[in-house]
Amino acid sequence: MTTFVSVLYIIAFSLFIYGLMGLTGPRTAVRGNWIAAVGMAIAVIATLLLPGMGNWWLIALGIVLGAVVGVPAARRVKMTAMPQMVALFNGVGGGAVALIAWVEFRTTNGYDTEPLYVAIASLFAAIVGSVSFWGSNIAFGKLQELLSGRPITVGRLQQPLNVALVLAAVACAVAIAAGGDSEWLIIGVLVAAGLLGVMVVLPIGGADMPVVISLLNAFTGLSAAAMGLALDNTALIVAGMIVGASGSILTNLMAKAMNRSIPAIVAGGFGGGGAGAAGGGGAAQDRPVRSTSASDAAIQMAYASKVMVVPGYGMAVAQAQHAVREMADLLEAKGIEVLYAIHPVAGRMPGHMNVLLAEADVPYESLKEMDESNSQFPQADVSLVIGANDVTNPAAQSDPNSPIYGMPILNVTSSRSVIVLKRSMSSGFAGIDNELFYDPKTAMLFGDAKASVSEIVEELKNI
Amino acid sequence: MVTETPLTIGVVKETKPGERRVALVPKLVQRLAKRGLRVVLEPGAGAGAQLPDDLFVEAGAETGDAWSADVVLKVAPPSIADIERLKPGTVLIGFLAPLSNLDEIAAMRKAGITAFAVESIPRISRAQAMDALSSQANVGGYRAALLAAQRLPKFFPMLTTAAGTVPPAKVLVLGAGVAGLQALATAKRLGAQATGYDVRPEVAEQVRSVGAQWLDLGIEAVGEGGYARELTESERAEQQRRLTEAIGGFDVVITTALVPGRKAPTLVTAEAVRGMRPGSVIVDMAGETGGNCELTEPGEDIVAHEVTICSPLNLPAEMPVHASELYARNLTELLELIVNDDGRLAIDFSDEVVAGACVAGRAEGVE
Amino acid sequence: MLIESLAVLVLAGFVGFTVISKVPNTLHTPLMSGTNAIHGIVLLGGLIVLGHGAEGVLNKILLVIAIAFGTINVVGGFLVTDRMLAMFKAKPEQKAGKEVEK
Amino acid sequence: MVTETPLTIGVVKETKPGERRVALVPKLVQRLAKRGLRVVLEPGAGAGAQLPDDLFVEAGAETGDAWSADVVLKVAPPSIADIERLKPGTVLIGFLAPLSNLDEIAAMRKAGITAFAVESIPRISRAQAMDALSSQANVGGYRAALLAAQRLPKFFPMLTTAAGTVPPAKVLVLGAGVAGLQALATAKRLGAQATGYDVRPEVAEQVRSVGAQWLDLGIEAVGEGGYARELTESERAEQQRRLTEAIGGFDVVITTALVPGRKAPTLVTAEAVRGMRPGSVIVDMAGETGGNCELTEPGEDIVAHEVTICSPLNLPAEMPVHASELYARNLTELLELIVNDDGRLAIDFSDEVVAGACVAGRAEGVE
Amino acid sequence: MTTFVSVLYIIAFSLFIYGLMGLTGPRTAVRGNWIAAVGMAIAVIATLLLPGMGNWWLIALGIVLGAVVGVPAARRVKMTAMPQMVALFNGVGGGAVALIAWVEFRTTNGYDTEPLYVAIASLFAAIVGSVSFWGSNIAFGKLQELLSGRPITVGRLQQPLNVALVLAAVACAVAIAAGGDSEWLIIGVLVAAGLLGVMVVLPIGGADMPVVISLLNAFTGLSAAAMGLALDNTALIVAGMIVGASGSILTNLMAKAMNRSIPAIVAGGFGGGGAGAAGGGGAAQDRPVRSTSASDAAIQMAYASKVMVVPGYGMAVAQAQHAVREMADLLEAKGIEVLYAIHPVAGRMPGHMNVLLAEADVPYESLKEMDESNSQFPQADVSLVIGANDVTNPAAQSDPNSPIYGMPILNVTSSRSVIVLKRSMSSGFAGIDNELFYDPKTAMLFGDAKASVSEIVEELKNI
Amino acid sequence: MLIESLAVLVLAGFVGFTVISKVPNTLHTPLMSGTNAIHGIVLLGGLIVLGHGAEGVLNKILLVIAIAFGTINVVGGFLVTDRMLAMFKAKPEQKAGKEVEK
């Protein structure tokens, strides 16, 4: 490895890091991604500049093959199919690591000539890479609905089987490290690890998939770092480790945002704990609801053109009107139109919402009556329902047996997305369940309305 | 029962002294006209609410003998004389005070009139747009707070000025239904320290939700349909005792406590009035059913123990433009429930709202 | 050699950790996809091993596949991330457009 | 001039009909007593402000012939008859209307009375605590907004209810001095859309600072001492034209525009009144100097072109408790300026506040 | 270097990083500092475990000497003398680097046996270390008032002189790297660099000192990293570089907070630009006022027990009442007592403040009249004056010629500190200057009151 | 060797950069003092050079001084930082104390 290539590697990973920093904010993300891509290009070119490179045609073949498959796939995939695409890309990365490890084993005659740490790193890469490859493929299959999205288990056998697979893979690896050089040993490692990947991901439900993909992503990173150790390649070490570390944190953040714990998810896959598959944090109902976070609500609104605020009795109880006004001010400062949809019977007294919003100095022109609101919703990107319930309940139109049947409602679902702020899944004045909360367009932000809005305000300031 | 030709709707001039509201406003005449209904206006009916006849005519009404229309819309309960002016078979809609004006109701029955009392509309979600009790109580609550501010020889808001600091007035509202909540909200807006009290415990949260404080005396009495029940003798005594203690600290007491069909509960005793500071004000909105204050003289403003006690009987009529507008909307919604799209009568007594509101004529109904 | 590599490893871990300390939920997916593209760096492993003259047909086949895999990971990863992120860029422009219309 | 013995301070009963304020309140009797001053109260003087004689006596006053005290405190300008009841050499303090009640001022001079008019106190920072014009205008502004809310047959606040939506009332305040700003703030509090107008341009920021909007007509007229000057003929015509246009859009107009010592400017023409919606309300606070509205009849409530025009002449007297409290504080501060620590008269005419306030007796002064 | 020591080094620098992360938040700072200290102990012990160590007595002597001087100095120094202490500690660190470089030169015969990069790194360390040592000592002298705190320059000669010194140091260093091994060369490097340090810091005024110390701190870090390169010691490289990088950013942040630019400060020292010494951002007056930032105001209040808010006409103009209420809520949530001192003529209408604060739902009990407020100020840690001016002007009591003489005022200066929020130094209603703003207790936060309070709110949320 | 060290250098720079991205002004001084203490790590340089047998009196004297300097930097730095930070810890306790008094 020449000094020049090494310097290029340092430049490359610096660009990765710089790009990644950009990726953490919506404003700089696009640029960050391209900066990282430039880093990658530099790393690849640097590698090709290494003295003594050969097999040029094969290398070209591999790259062309990859590009021919990867570029159109990435270009054509539908927005909705993005998650499975990410899973697939992650999988092939892991696969590459596993294959390289295999070849290393073969070309070094079972690591005969290498120091022990190279063997260990390479075998670690093989195991983790194989798990990632197969696990990601299963994740892809489930998301693409080639496999059932529902948990698939082999029942009580799950746990012993998984343990057995882990032991098998490790046993083969130890045998190799101890000097074994039979090709079957490395195949044993790869197969056992691959089966493990399959078995662990199969039982995981669709809702948990994003977290699992992120976890596999972190794994692939770690396997790349291990491969870097084995090949003594700084670029691989740094890039792999960064992905491993940031991926772990990201996994953790995602799990938290979904109100799930990683151990619970993996345990589920491992056949342990009874944690089911559905998302939704602490919903009293059995049906799944989607819960969201203040920062997500903030971003969703920050990139909207029009936001409709739908206040209800909960806003009054929480006395959240001042915070709501502050939020609207921030949004308006970003050029976003904010209107208030006032239902005639929102609250507990005629004009209840008016009294509160006037106190918070919301301009009269922004308050829209029901009819006008209903004609505005279709143009709204986000409807923010703040402690309102009955006045948004579609049962009033659809269910003749409902006590509120016949009451006109605010058709929040005609807007592009709905965020509902309330403390729990409990019902409002009429004491009935609200279909709106289970609508796929709806995300629930649980908590006291004032606290939630204040959090959103804080997040908005950071955007 | 279904009639053959589109109906005529009569908007009569109110006969009760001081009643300035009118049962229909021009904006809604148009809406009825669209269904083919003919609106007949008694000349001058809208004058009290700043609505000259021409505005009605422009909107599609005609002036004439409104009393002999098929459907007569009224605001205040009709007198016996009023009822005699109606032709048999007339549908009468308005405040009819069915639980207290028993003679009049009997007269309607005798005259073959189908009468819908807006106070009897069940308070279900679907009927909220027809809920004239709410809409008028809302006006009443607002006016009661204004009246109190006007009668109090002090400021409502706190003011720190070069000539000294004035503390905020303390306002207590007894009974936090629609009127009570609006009174609380209005007093609060004006800067007073507003406190609410009620026997229904769930109201505490509602009182706080308008930014007011809650006075907890530890007495609960939840009745049916969201209304309060009457208290037992001992509960009443206990309540009066505790309220008397509390009231001394307030500058203004607004009372709105009603129990449907019964005499209003006495919440403010003579002793409580004596305990108040000179110049304090009591606005008793329950005057019509005897008042919540022992010393109230319904309809009068008196001064007792240097406390002004007002008992306005018809607060909504003091703000006739908006009160009429809201009321007319309530009636129109109800009317549309008993009239089909062609403007013919189509009363469906199986509808709980219709059935609940009908106080005369159903038994003898055409069905 | 190993030791210096370990130091690098640990430092890289810290970098990863500190950079992704708190990101908004909405960026989770693009960020995952972005880091995903970065570990396409394994492509380098394939290049080095193949470039330094792996012998044998099976080895060569395996390595070509590995390189193809790595390339898919890299190009696919960056492109998909870019498309996801386009959502964030598009809005303000769109809005600007709207204002002009008025 | 310095007297020998501690003074007696007379608190007289107001003679002007409808005047319910009193020039001193018990709280401040104590403060004066500490300086050795004797307070003599005319029996019943505090009754209008809910202050029975015993409260004064408890605080250290005595009842008796207040008119013959050394210093007499009054609220409303005294009549000639009142002045005749004073002994020569008396110091008289109160609203004296020195620019309009010329006969009375002459009578005081003739009777050898040293008179301090609170309206003449210069408006400098130090004198703010004595500024009775401000304290009473503050009360007046608040009452004017309340009065308008009471007379308007509509809601002030916007309310979206099951029976329809009511838009907020639009309130225009002409003249944004102390009274005008308070009227704006009060109307805004009640939920109205409040807009202010004045000829002094710096007031725009002040109007916005109470949360109201500013009506810019592009006419400026800044006078001396923070007051406005009179407009020229052409300016006035222009102002009236533009105002007439603007006023049609408002439900309530409250006018407070004064130019010291002159007839109040006419801001609301008869044409403007005709342009308003039926039921609208004008509250003219400038009635005493002829009114800001052409149709105003000072002291009367009239209806013209279906617009209610109220011209209350003494709004502060309608809220006597706090108005008296603030006024008494103003007088006490002034009194303490002309009395030394031993309770003896010590008038320092070189003090610009004392000199400014003195409207009679200085020339003939004892100095 | 044994593997074991290397692993200890990795642990050590991990602890540095972890500790530094803690130091960035007030809650974790104390722990962070001790974690870093533990890392340092591990690094020292690891070094002593290196094979072939000798000269134990001398090592012990050095350490004991250092401890005997350092510990009591750190323990006894007065709070107010902290900045100069930090400068001194930084200086000795730089001095140590310079000395080691010198010894390295001597023991290797002018780097005869070493690769070029070692020579370069070592010489870089020598220069930067010497600059840091002498520069820090001058900074210490100025802060300790051994030297005049005012800028000291040699006039027009300053710039050419500095340039000459730079050239001299570099020339000597180049001569050494090119093979020169005369001891005078290294002494030339050290002396020229030292003089440079003296000359650059001398002209810098007292107000800019903290920024300069921070800059020298970053330099010392870089010199340590260079020394690490020369000695091939990972712990030195990492620790030095971390300090270099974080120190640079910190310098930048500090300069920004003081409204100064680093180039301007250094240029001042270098004899360029006319940038004066006094602090204060954009004050219209000639007299110095102290300006502060929202984050500082936030921290000051967050660690108070009692805060008095003094609203005035400016709060009304900015319509900042809602933001003020939110700020008070946050403070109260931290257990801090918040009271409002209402002056009878604050604003432009009787009761102006009441109207606004009632709109923002400030409880009546928290509003204090003037007399009560004046008796509360002495117990208050912070008085926050929001757009008030005349009502706090001490001239009303002290200057008989002032138009407001005789008006009672709010004695905010009797509280422990005062923060004034206004847009500029311009006067209020009475049109007169306000001594309060020049009081040493007072810090000005310039800007629209609503914007300033909102910023404070945001900062409070991060504490 | 140099190259791996460079990689370490760059990574350490990133770590320093990302950790100190935004700190409140009031923490600037303690933070500066804390980083100051960390670069006392130069002590190690002195230890290594002296420990591995520097010859000559001048060399020894210089190194002893260097070690003393490094030690001062380390112990002084951490102690002073701790004292500065005590201000932040003290307040809440003090307050708690007050409440008890009442």
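Read from first to last, the chains carry the letters A, B, C, D, E and F; within each, the first residue is number 1.
Throughout what follows, a residue touches a chain if its C-beta (ideal position, glycine included) is under 8 Å from a C-beta of that chain, and two chains touch if they have at least 3 such contacts.
In UniProt terms the chains read A, E = NAD(P) transhydrogenase subunit beta; B, C, D, F = proton-translocating NAD(P)(+) transhydrogenase.
Note that this is a predicted model, so its numbers are computed, not measured.
The chains in contact with chain A and with chain C alike are E, F.
Across the two candidate interfaces, A-F and B-E, the one carrying more C-beta contacts is B-E.
Chain B and chain C, compared by their mean Cα positions, are separated by 70 Å.
As a whole-number value, the distance joining the C-alpha centres of chain D and chain E reads 57 Å. Each chain gets a centre from the mean of its Cα atoms; for chain C and chain D, those two points are 77 Å apart.
Residue numbers of chain F whose C-beta contacts span two or more other chains: 1-2, 4-5, 7-8, 11-12, 14-15, 18-19. With touch defined as above, residues shared between interfaces to two or more other chains in chain A number as follows: 13, 17, 21, 234, 238, 319, 344-345, 350-351, 355, 358-359, 361. Each of the following residues of chain D touches two or more other chains: 128-129, 134-135, 138, 157, 159, 161-164, 166, 189, 191, 211. Remark: the chains found to touch one another pair up as A-B, A-C, A-D, A-E, A-F, B-D, B-E, C-E, C-F, D-E, E-F. Note for the complex: chain D touches chain E at residues 124-126, 128-129, 134-135, 138, 178, 181-182, 185, 189, 205-206, 208-211. On the side of chain F, the complex with chain E involves touching residues 1-2, 5, 8-9, 12-17, 19-56, 58-60, 62-89, 91, 94-95, 98. Those residues of chain F lying in contact with chain C across their complex are 1, 4-5, 7-8, 11-12, 14-15, 18-19. Against chain E, the residues of chain C that register as touching in their complex are 2-4, 6-7, 10-11, 14, 18.
Within the complex formed with chain D, the chain E residues making contact are 313, 316-317, 319, 344-345, 347-352, 355-356, 358-359, 390, 396, 403-407, 430.
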